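Below, chain A partners chain B and then partners chain C, in two separate complexes.
And now, the complex of A and B:
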């Protein structure tokens, strides 16, 4: 074939590929335009402003790092990261290199897309041209790179443990078909190129050797066209499958990264952004192992990957929406960064069970007046040892506090929020804001992370809000509290709402390290396990909750700590009912112990007295 | 039967044969822990809503079991789903779920 000829070569076998490509390209562009057009004006403005700012190159960089190199998956497991990277980045490089190669050999001519893909078919004697060896070698190397990923993917279907996954997603039939097409693409490419290389003694180091080897016992000329047709078919089929399968995540994730960079996020109801997020889920299944409902209870059909899938195609069943502890562990591990928590929370809002005026009976009630307001909350009231210890420390530090809800409080609203009862929660929040504002506080301290979360996110109070671990640390830093460090070994359990919910990881640790030695458990901070007591789920039995609690506790006690410290009254209660062997204490109780041990005996007397007074 | 001259007032008779137990049945079916309640009242004693109003989870369960669904549904609305009762219950009754089921019945009845 004369490469200089203006006429562009063609063969009917390129049609399946070309038709598939045109279809998918139109579909994706259409979908992107549709999505972007449906954003609110505010979001559109954000996109427009962002487009011409530094955010665009930053987004491009992120697309490169995440969509191609899969950095986050690498951080989880090197082998799994390599698998994703070799498929994505390898394929990308093949396309780039293929295009460069074709451009080079056709002297810069603009070619239809099928030419670079099937270049070996149209030009089998590259080796004899200038730089021919370089290109054939590189292309073979890249193909090998992709094939190694495909090989790992095959392997993962049978044994996923070495790739850091205990469970993999159960895919639907159409996903499996698309997967088969994808898995066939590269082996078929290898076959077609090898057959060609064998027949014409061309190709790079792999295709040439395989071709030569096959030549020795196979009539390769009989397979020549068939192999190219098969390769083209696999590609075409895959492209046609993309819009209807999880592979839609490939183009959508790119859009998602840009939108996120431009500052668009989940709102308090489903939005177009949600649509984009749903299509961005690759059903990689990384969220499955994170979910304790699966690992501890064997409930393996409600994990986020399935929830998101059913959200994308139709409506998730009530069971699917409700069966989640809202612990947000899955959120934390999702390599695509989908805001799963918000999507589920918004879906739960679809059913409002309470009326407009459910809590009209709360009337003429007042909290106690205070400067530093201490709020125990419902859970706090159930664990008197926690508030007693906290208040004893306040006494010791000379804080001018008052226990504003000592005679009882209304619920903070967070438990209602967690179950999707937004309207009811709003009523309580409004009432509680008034009550707190009326007590004249300048600072609000609570022992309950559940309250702290909703105070911070939804109350819009004008005063600072502290969790007691933060406030006690502040007192220690101001030298109002002195602790004596002992050699007690402490493992700290990050409560879901305090850690992942509010991002408070450091203060409790800093505080505890004033009292003893900290041992980190395997799953700490962002990966901390849920205690099982979650108010975000209602359909677990107490036995199931206990199972989760004991597994979490045994994880925590692995480091042979003397005491497991929590910073949440609900965690403490849940752990206590699951185990009697392991000592569990709230952070405030441990700190009180560290104060009492100090040389000044008077102090401990004083503290004891204050404990009694506060009872 | 000997007639002692005493008869219960008609307004004080609760005829279980005529009571509709649909709600009770559907709740026991959806959450079997409903059947574990021994009416000890721990839930009511600790109830957050109960410190502001006469709402009682224990009583609500009675109403359901007596077929007084309407009253039970009206009562359930006062609950704040705070979860104290779940922690207080010695019989591991899944109280929050039962409240949710009663509230859901409100939408279907």
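And now, the complex of A and C:
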């Protein structure tokens, strides 16, 4: 067949593929237009401005790194990363090379999409053409690359542990059908090309050898058309499945990366951007292992992968929405970077349990006037040793402070926010803002990361907000506090709201290292485990919470630390209720100990002196 | 007959068991980790419901012990081994043979500092019921840290009892009546004092308990149904307490001179080691699991190992004495049939 003749070759077997491709292309374009068209004007403007800025090449680079190379999955597990990369990047390269190959041999003619896909069917004599060997070799190599990924994917179905996953997502029937179609595509391509190569002594180092081998005992001419039909069917079926299955993530993730680069994010209610995020979830299931409800309590049916899936198709059950500690560990590990926390928070807002005037009765509190306002918060009041130690340090540093909620306070609103009670939270926040503004402080310090989070995110106060670990470090840096380092071994536990919530990881460590030696646990900083005391979940029993706390503590105590330090009164309380024998202390208590030691040493020196004199 | 029974723990249950076994003709090795006999009751000032002095009861028990009981004081049992159908009990480096064992290890008072929001160990004038007993024994009345006589006192029930958050979901039984007894004693020692009891339920199950409760009300003790939520320290080491009055559904704030925590009965951690040696496991609450709660309450699942007293769960003195009788009889039946 002379390909550079005017005639474009055709055979009916290309129809399943072509119809599937047209269908999926129209569907995707239609969806993209629908989603973007319903964005707010502000967001549309962001896209327009971003389109002609550096953000576009940046987004392209990210698409390359994440959608094709799967950098984040690689960071998690090399084998898992390779599996994803060989499938995505390998397939991508096959398409690119296939197109180059056809364009090259047809002297730059624009061909219908089926030509490069089924090129071996239409052209049997590639080897004899210029650079023919190069192309057939490369195409075979790429096919092998993709097949190695498919092989790993088969393997992962039976044993996922070597690929770094204890649990994988339980897929629905349609997802399994689509998966089967996907898994069949490349073996069928290998078969069709090998059969052709065998019959015509064509193909590269793999297809040719397999073809030659099969020729020795099989009537290949009988399989010729059947194998190409099967390959085309597998492709077409997969394309038709895409919009209705998790494979919608392939095109949608690309859109998501661009939109995110242009500055579009989740709002405080669901939008079509949410739908983009939902459709970008590949249900890879990496979030399942990250969730402590699964690893510690064996609850493996409520993780974000399932939550997002049911959000995409219908309404998630109460169980799915509520069964989350809001620790944000899944957010942290999601390779697509879906803002799961916001989506879940918005979904929780659907039910408002409180009335408009639920908090009318609150008017009795008034925060005292102060320069440095110290706010212990509810959790601080439940752990008096924390605020006592903090205030003792303030005294030593000569801080002009006022313990504004000493006699009582209104809840900061964060626990309500975490459970979706937005309206009720707003009422409390408004009251608190007035009270805090009226106390005339120039700095607000709190011991509670939960309060610190909502003060920072939702209060819009005009004064700086410090968590006590930050403020104590500031005092130390200003030489207002001097600590004496001892050889005490400390493991620091990052509280969810302080770490992942506010990004405060370094200050507490810097402060603690002034008092003793820090030992890092396996899961620290962004990967820190939740203590189990989360206010974001209401359907856990005390026993379940204790189980989580014990497991987290055993991770923390693994380095044989003398003390587990935390910077959150709730974490301290939760840990203490789970363990009777590990010493748990707030950062302020440890720092107070370090100050006192130096003071004690002075005293003991004096005593020694007097002893010597007396002698 | 020269069979030997090891009784571990020298509180009310251990003493009574030893007395009964001795009467039945056995040689008893009694181990007590403290330097004196009597256990928790020995450290108490007066007992409910009739408010007799605890020393009366303990002295009566110790005086009835005769010379066939070898009393080992400051003797912590480190290991129990089975050997040829009997036991080897090791304490303070010395091993002694025993043909049967009675566990009377008792309980520990709930470590109140675990309930950090109540401020025990953090604020000066937050004390436990045991410390109040000691004040009564030493001074005849409660005294704040500055030596002043408190005028307003809050008594908090259920500290370390019926509280899942500190892993003590069970009722300690005796604290309600103890609280009522102590409230009356405070009123008698300081007639002008205001006394408030914060309770969940008042479980007045024993003879004379209800009378005691009525007496307290007549004497002007205030009972508020609601749990304490938190405390904080005010000027002059007074204590601000926050609670909810659940009968009027209102939050409540009060500044008092002293807070008395009615600490419950918790499993004694050192009993766990002994149970491990004997291949026994604790019950859900962490106390010693008895063989049959209804029918064999002083047996354990291990052959030759019996149990009495508060190591099986919260108990009053009468319960302990009854269990001790029963355990002694069961030991006798076991050793004579062997």
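Heads up, the rule we're going with is that the second predicted complex is superposed on the first by the 597 of 615 C-alpha atoms of A that agree within 3 Å, B and C clash if a C-alpha of one lies under 4 Å from a C-alpha of the other, contacts with A are read in each partner's own complex, and residues count from 1 in each chain.
Operating definition for what follows: a residue touches a chain if its C-beta (ideal position, glycine included) is under 8 Å from a C-beta of that chain, and two chains touch if they have at least 3 such contacts.
Note that the coordinates shown come from a computational prediction; the quantities given were computed from them, not determined experimentally.
Engineer: After the chain A overlay, clash or fit between chain B and chain C?
Structural biologist: On the superposed model, which is not a single observed complex, chain B and chain C clash.
Engineer: Considering only touches as defined above, state whether A:409 meets chain B (first), chain C (second), both or neither.
Structural biologist: Once the two structures are laid over each other on A, A:409 reaches chain B alone.
Engineer: Just checking: does A:573 make contact with chain B only, chain C only, both, or neither of them? Give me first, second, both or neither.
Structural biologist: both
Engineer: I want to verify the contact counts: of chain B and chain C, which reaches more residues of chain A?
Structural biologist: B
Engineer: Return first, second, both or neither, reflecting whether A:542 touches chain B, chain C, both chains, or no partner chain.
Structural biologist: Both chain B and chain C are touched by A:542.
Engineer: Let me test your reading of the model: by the given contact rule, A:362 touches which partner, first (chain B), second (chain C), both or neither?
Structural biologist: first
Engineer: Go through the superposed model and pick first if A:256 touches only chain B, second if only chain C, both, or neither.
Structural biologist: Touch status of A:256: no partner.
Engineer: Touch check for A:582: first (chain B), second (chain C), both, or neither?
Structural biologist: Touch status of A:582: no partner.
Engineer: So, A:381: does it touch chain B (first), chain C (second), both, or neither?
Structural biologist: After superposing on A, A:381 lies in contact with both chain B and chain C.
Engineer: What residues on chain A does chain C touch that chain B touches too?
Structural biologist: Dual-contact residues (chain A): 381-382, 408, 541-543, 573.
Engineer: Please give the residue numbers of chain B that touch chain A in the complex, ascending.
Structural biologist: That would be residues 31, 33, 46, 48, 51-53, 77-78, 80-84, 87-88, 92, 94, 96-97, 100, 103-104, 106-107 of chain B.
Engineer: So in the complex, the part of chain A that touches chain C is made up of which residues?
Structural biologist: Within the complex, chain A contacts chain C at residues 381-385, 388, 406-408, 541-543, 546, 573, 576-577, 580.
Engineer: What residues of chain C sit close enough to touch chain A in their complex?
Structural biologist: 114, 116-117, 119, 122-123, 164-167, 229-233, 240, 242, 253, 269
Engineer: So in the complex, the part of chain A that touches chain B is made up of which residues?
Structural biologist: Residue list for chain A touching chain B: 351, 353-355, 358-359, 361-362, 365, 378-379, 381-382, 408-411, 413, 415-416, 419, 421, 424, 428, 535, 538-543, 570, 573.
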